[in-house]
Amino acid sequence: MKSSRMLGLIMIAPAAIMILLFFLMPVVLTGVFSMTNMTTATGISGGAYQIAPHSLNDLKSTMPDIAEQMSQPRYTIDETGLKAVEGLGLDAGIATELRAKHMGEVFKTRREAERMIKGLDQGPSTTQVKQISEQFNRSVVNSRFSSRQELFTALDTLGFKLTDAQKDSIAEATYTGWNWTTENFSRIVSSPDMARVLFNTLLYVALVLVLFNTTYAMLLAIWTHYMPAAPATIFRSIWLLPRITPVVIYVLMWKWLAWDTGFISVLMGKFGYPPKNYLLDNAYNAWLFVILINGFIGASMGMLVFSSALKAIPKSQFFASEVDGASRWQQIRYIILPQMRWPILFVTCYQTLSLLASFNEILLSTRGGPGKATEVWSLAAYHTALNNYAGNLEYGLGAAMALVLVVIGIVLSLFYLRIFNYGTLVSRPLIED
Amino acid sequence: MRVLLDNFSKSFGTTKVIENMTLEVGHGEMLALLGPSGCGKSTTLFAICGIHRPTGGRILFGDRDVTDLPSQARNIGVVFQSYALYPHMTVAENIGFPLKVKGMPGEDIRKEVDRISGLVHIGNLLGRRPAELSGGQQQRVALARALVRKPDVLLLDEPLANLDAKLRLEMRSEIRRIQRETGITAILVTHDQVEAMSMCDRIAIMKEGEIVQIATPAEMYNDPRTAFVAGFLGNPPITFLRGVMANGAFAIPDSEIRVPLPVSIAASEGTKLMLGVRPEHFTPAGDIAVSGKVTFAETQGRENLYDVSLDGGPLLRSIQPVRHDVNIGDAVTWAIDSKGVLVFADDGRRL
Amino acid sequence: MRVLLDNFSKSFGTTKVIENMTLEVGHGEMLALLGPSGCGKSTTLFAICGIHRPTGGRILFGDRDVTDLPSQARNIGVVFQSYALYPHMTVAENIGFPLKVKGMPGEDIRKEVDRISGLVHIGNLLGRRPAELSGGQQQRVALARALVRKPDVLLLDEPLANLDAKLRLEMRSEIRRIQRETGITAILVTHDQVEAMSMCDRIAIMKEGEIVQIATPAEMYNDPRTAFVAGFLGNPPITFLRGVMANGAFAIPDSEIRVPLPVSIAASEGTKLMLGVRPEHFTPAGDIAVSGKVTFAETQGRENLYDVSLDGGPLLRSIQPVRHDVNIGDAVTWAIDSKGVLVFADDGRRL
Amino acid sequence: FAKDITISVWAGGTGPNDTYRLDAIEIAAQQLEREAAIRGEDLKIKVEKTPYADWESFKQALTLAAEAKKAPNIVATGHEDIGPWSQAGLIVPIEDYVDLDSWPLNGIYENLMEIASFNGVVYGIPQDAESRPMFFWKPYMKAIGYSDADLDALPQKVQDGGYTMANVLEDAKKMQDKGLVQPGYGFYPRNSNGPDYWQFYTSFGGTMEEDGKLVFDKAAMTRTYQFFADAVKDGVTKKNHIGMPGDQWWKEVATGKAGIWHGGTWHYARLVKQEGLTNFFDNVVFTLIPAGEGGKANTLTHPLVYLLTSGHEKEETEIAAQLIKIASEPRINVLHAMKSAHLGIAKAESEIDLYSSDRWAREATERLLPYANAMPNNADFGTYWNIMWKGLEASWTGAKTVDASIGDVETELKSTLGDKIVIR
Amino acid sequence: MAEKSQVSANYSTWPVILALSIVSAPLVLMYAYLFLDTITDTAVGSLIPDSFTLRHWRFLWETLPGKPNIWLVTLNTLIFTTSVTAVIVLVSSMAGYVLSRLNVPARGFFLAGVMVLHAFPSVTLIIAIFIVLQMIGLYNSLIGVILVKAAIDLPLGIWLMKGFYDTVPWEIEMAGVVDGASRFRVWRSLVLPQVRPGIMALGLFSFLSGWSEFILPQVLAPGGKVQVLSVYLSSLIADDNNFDFGTFKAVGVFYIVPVLIVYALFHKYLMNIYGGGSKG
């Protein structure tokens, strides 16, 4: 093997491994999740079989008797149990007393059984009470079985006679883990809001991208280009601030501007307009602010790229065009813009993908409101699947929604990479060793 | 159009680059600004074309004061050292750009571009982009772009610096021809003396922001005002001998070399002097024989160049038609042509 | 150390750049590879220094086959066109780098660097960085870096292309001096004929990946094998007249010009011929008088260059010592030196 | 013999006022060590406390840690996590480790214990309690015609159903019409999504869960949506009220800019201590959430519970359970209740001076806690909630009509929850 | 040379300064008030502060109840951020070099793939990342979190560095190998110093990104108890009872300051990202 190739493999290995581990595998896993009904409740790594009243709810309609029977807790003082108690190595008197006084008694709940045990003359401690009562448990309610096999063995010992079909439905109903399903996608497709959200997403990406990430960023770059160094640096720093400000603070500043006690309200108040919440007053306002909020952050990346690209144009070209008689506008139109194709493409591509994936600013400012007016796909994914007030996060659905985004991203990237003339990006090494 | 720099000064911040320079270029004249790197040539040019504003003095085109006019209003053509072609435009678009920004209709632009590109012989390249042109072709595009708007003044900032020797030679005559044909006033900035001498009507030699001498090429070559000027012109360069005035002759102490000086040179006995001897004035054909040893020899095709270390150390250079009888290490006795020597005071002033 | 390219070929993908070239450079010899842009000079050099692998043939240093040796193992010194100095290192570090990677102790490196930097006269610049050096100084650093490891072979890829004319002149002699002093085998790639002629023992002229002629500079100048070679050498360049064989003489149809040809030239009557006349062979002193009109004149200090348009259209160039009696437009009758003319067949072969 | 044991405990949503959620376990540990010492055991318990200020990263971190078997021994979290976490096997029932019939566990309010159970099994022990009253700004109530006596009787009147949600809108409108408050400030609800909105549904007769199945009562939900739509239509509530900044809401409520509003019992602490409403009782009356059409006056409690996580040594878990039990003793729990302005978990707590001498704690406990509902412990409740909230927002902001919202909610519930929800 | 950074005299600068001042005004205003609010008290509905106070900045010299010490948190953040930055810079500068210069199979595919991966919203990846971390035994370790964070920022880093390497003249490398240095040596001693501006720019980007990281350390290394500033900050508005906007804003300003300092020191390198990034 050639030494440079060997070196190349070694040097790219850390990046390749990191990307494989923390990007590629997670993406693949997310693809896998999207085909499941995984939630907090199902757990991630697998499930067990648990005969819980809740899980039997579904069975109540199909096999009411068995379901009813199975969901009843039952504590029976019987010989098996007593033998077991004797084996625990507790005070021997306990078993004796139980056999003598309580043989054959049946308790409907554990608590009742334990009350009885506690009342024994021997006065067992709480821990012992728990140990003893466990020996008389003659139901499977709320026990967890790690396999189907164990579940049915247990049911067998309790005397349940089940057909295979019944077993299947019991297993299905009592399984706590996740299952394979394509339901996530059909849910997405059937949800009444999704078309709207998709449209919002495209609108959001397109508007922010076109208005700010490229156009306004270019404007900033050009403006600062025509300035002496000191003010240019100051303005660039100002426009970089939104990017480096924590987003919670940044959005708060906009609220300070746009809320009913905010700057605009106070200012308009001076002209006799009653204060109002300009941010959420109507969908148009909300959109305006969503775009401004994101745009002000997004402009900085383009500004930096464009400014440095502008710097890379030889000064003499500017001089030449001035001598040739070009006005400032003509210089921008004919000299600067045509040479910005590459940076514009790069920024467009990179920022499209960034915008598709971003939702924090919207979440913190409008939360997708008013109504769902400013809800975008990634925010919807977050809202529906990853931000559940009641604690049950729908990982599977969330993954499916993210996957949609990734598909859009891949399609767009391929499109951009084509425009980029991707083949020319990687050139043959000039040293042949 | 006459160009006059009247008491022109330019500083950048606290750096004074040019102070009180006065320079007049006549109508239709081609003037070379020649000088070492950093002497202020480009600065002068940039002030003339309006990219920099003078910090003092005036700039006049004809009788019009253009000092405060922006470049766009000056009607000048400039060929920048790097050509500054627009890489994203074709040759035709590059050349047509000055007309386009004027708002000239496309049809007229095309005509003008055709005309001017014919003039510089690049009519067949109009569809290409600068990256697809050779250096010489690029240079001609830059020239065409500068000429197409029929400028009053043509400024050339080291237009040939990037070319190889052969192309350079061709372009020299080409530029001169076009300048003559169009009768434009032109200023050529260069630090290549051959370029300056072969192309221009007059040469202005600059040093540290000041004009040291301004004259025709021949005058400048034959009658340099300072040793700096003499050293600047001539290829291969002049060599200097250091000595003193002794009995009306130039003498190198501790050596036998004596060069009689014309009586016009009034220097008192013992004054330190510098004698400039151009290589073509140190050949077998001169009148003051000098012996030495050849320390370096090179063929340049039709001529040979020799460095001769004189007895006593100083070095003289000689250029002669090709000959094969002299090799490195040989002792030779050649002669200085006393009519050709230039005498300078110790501080470089010509005597 | 002798360098031998034995049947060397090189292609990039499907582009064949060099095919079956054989070239031998003797021990201590300095050879120039001269040729137009894109002819494969750099490619050849890159193969010799191991940056590119030949696609065919062998490369031998002395008797050792180095074809498959990586650059690191070849012990060569290279001066790149752009010098390729390491901008973040001082001059001393730049020069010392080849020794440092060898693992030489710091003290020894310092000594070596001192020695070699003395040789190229940059001993006083050791602490500076490349950006603080003039072009000529950078060039010398590059040279020092190439020499410090005592290479078997020194390769120079257009080392002077970036310098201005004056510096170029100085560096030419300097490189040659050092190469002589160190007795190293050297290959100089250039497209400047003056450079090739003045610096090298032999010149190889390349065209489209092939070596057209290989000879000493004088031989090459006086006895070019093709019109291409003749046109490539000579400053100002040779001019060609096109005509036919008529009665043992060269004749231009529809004109009176007749140039008798030596009998050795055996061409049948009416064969198309090209006559190459160098500018120094068209002067008032020649033997075959020709009349024409001066269409261009330029002073080059000690010499004047004239283009003379002959009656009937063809152009001859003349170089003569400075004279003031001839101006553009004047009719002149000067003469071709029949001993100097070179005769070529229509396809460029020398006859 | 000596035994060193480390018990880790995490608590979500824990700010500077809620530190007793963690500290109580530490205090309990000292107690247990002493008890052990008396029994002659040398027990050393080290308590590692981790507060999480927010809920989101807390829950993510905890679920992942539990998956990795690195969960803390004890967590204090919202009761609604019991459903999903128990199904996933992340937690173990506390009833396996403690005697529920013993003190102090047997003194904890029965409805709170119920809230800490799932599948008929007691999984956790309530860590605190609260409930969410309706507040009225006294001066404005007086200005629209209520006497002091009327106001004193108002809580009872609400409880008896004599003052309803319709009256709320009426009075709010009156306040606005009289110019006492600005438009949109008559009825000034919570500024963000929260459990509070379920208590309106229940007060309009809705049921959240029945026999372990979620219930969507279309009629009750329609009335609920309609109530907020009407409030906006009448101009007593702002259309874009949801999402306003918290500090503004607080300032306005504390300075009497709002006429009627609702919030949690813990709001008292904030209003009095942070917002400077020192003469609270002179300015504010609080009641249950009044009955709406078809329902009864009620409130909602959203207690936190201590849970035991799975995957630890049995002995550790036993000790952790003991610590929870001790921490639930009135003397210890009262520290949290009072510092964070929550309510006590047991009747006995009201008898502790610290608690009983606090007028707010006393009155709020008596007036509210017995009538408090809670959200069901049901893994699918969150999905239900998201959809319900989306519909409420849509009808609130007028993005959809109430009927259209209800229709969409129904469709979405059917498609996402299928027969896990009863729609009626 | 003539190409100095001088602006030409042909266009006046005040129109652009004026235009940019106008559009920048809202931003300046917002930031000015953000700062003003941290040192003053202002009545609701007023824009003019009533009184000066340092109350909101208390956190600097006293530890707020229930909160960790701010300096400790800042130190944590700094350590976390520098580690992340170091990993990103190191890994990207190696990978970028390979992609730009070395003959490794499937380079192009790698480069494109890296870009496309960037389209994945990283929150949605967190569960899957958790599984991977657990698999390789780095869950609940700071190293794991640093690697994850670095990996998420790698696409930009690799592209940026590749672009920078593309601008380094091949001659420097050729000179290096001819001088006898191995390719690794060439990279380390000769090429790496040439892309310093790139490393600076990337370092700055990574620093900004690492500095604002919020969720990863909290969730993926809960045992590490690495309180970072962003967590501290958001804990100030986490719930109703602990709502302190004044302090929140002050901490916010405190949080921005180091970044501003870093920016002030290195901004000139950012201006070179086109060296760069986009040319590919």
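Observations
By letter and in written order, the chains are A, B, C, D and E; residue numbering begins at 1 in each of them.
In the analysis below, a contact is a pair of C-beta atoms (placed from the backbone, for glycine too) under 8 Å apart; a residue touches a chain by one contact, two chains touch by 3 or more.
What you are looking at is a predicted structure, and each value in this text was computed from that prediction instead of being measured.
With contact taken as defined at the outset, subunit D and subunit E are each touched by A. Both subunit C and subunit E are touched by A, B.
Here the chain pair with the top count of touching C-beta pairs is A-E.
In terms of Cα centroid distance from the overall Cα mean, chain E ranks first. The distance from the centre of subunit A to the centre of subunit E, each centre being the mean of the chain's C-alpha atoms, comes to 23 Å. Taking each chain's centre as the mean of its C-alpha atoms, subunit C lies 92 Å from subunit D. Multi-chain contact residues of subunit A (touching two or more other chains) are listed as 3, 44-45, 252, 261, 314, 316, 319, 322, 430-431, 433. Among all residues of subunit E, those that touch two or more other chains are 2, 4, 8, 10-11, 44, 127, 130, 174, 177, 182, 234, 237, 245. Within subunit C, contacts with two or more other chains are made by residues 50-51, 70-71. Chain pairs that touch one another are A-B, A-C, A-D, A-E, B-C, B-E, C-E, D-E. Chain contact summary for the complex, subunit E toward subunit C: residues 169, 171-172, 174-182, 185, 189-190, 193-194, 196. Residues of subunit D that touch subunit A in their complex: 56, 59-60, 63, 67, 77-78, 80-81, 83-85, 87-90, 93, 95-102, 118-121, 182-183, 193-195, 211-213, 238-240, 242-245, 248, 318, 375, 378-383, 385-386, 390, 393-394, 397-400, 408, 411-412, 415-416, 419. Residues of subunit B touching subunit C in their complex: 134, 161, 164-166, 169, 172-173, 176-177, 191-194, 197-199, 217-218, 221, 233-237, 278, 280, 296, 298-302, 305, 307, 319, 321-322, 324. Residues of subunit A that touch subunit B in their complex: 314, 316-317, 319-327, 330, 334-335, 338-339. The touching residues of subunit E, counted against subunit D in their complex, run 44, 64-67, 126-127, 130, 134, 139-140, 214-215, 218-220, 222-223, 225, 231, 234-243, 245.
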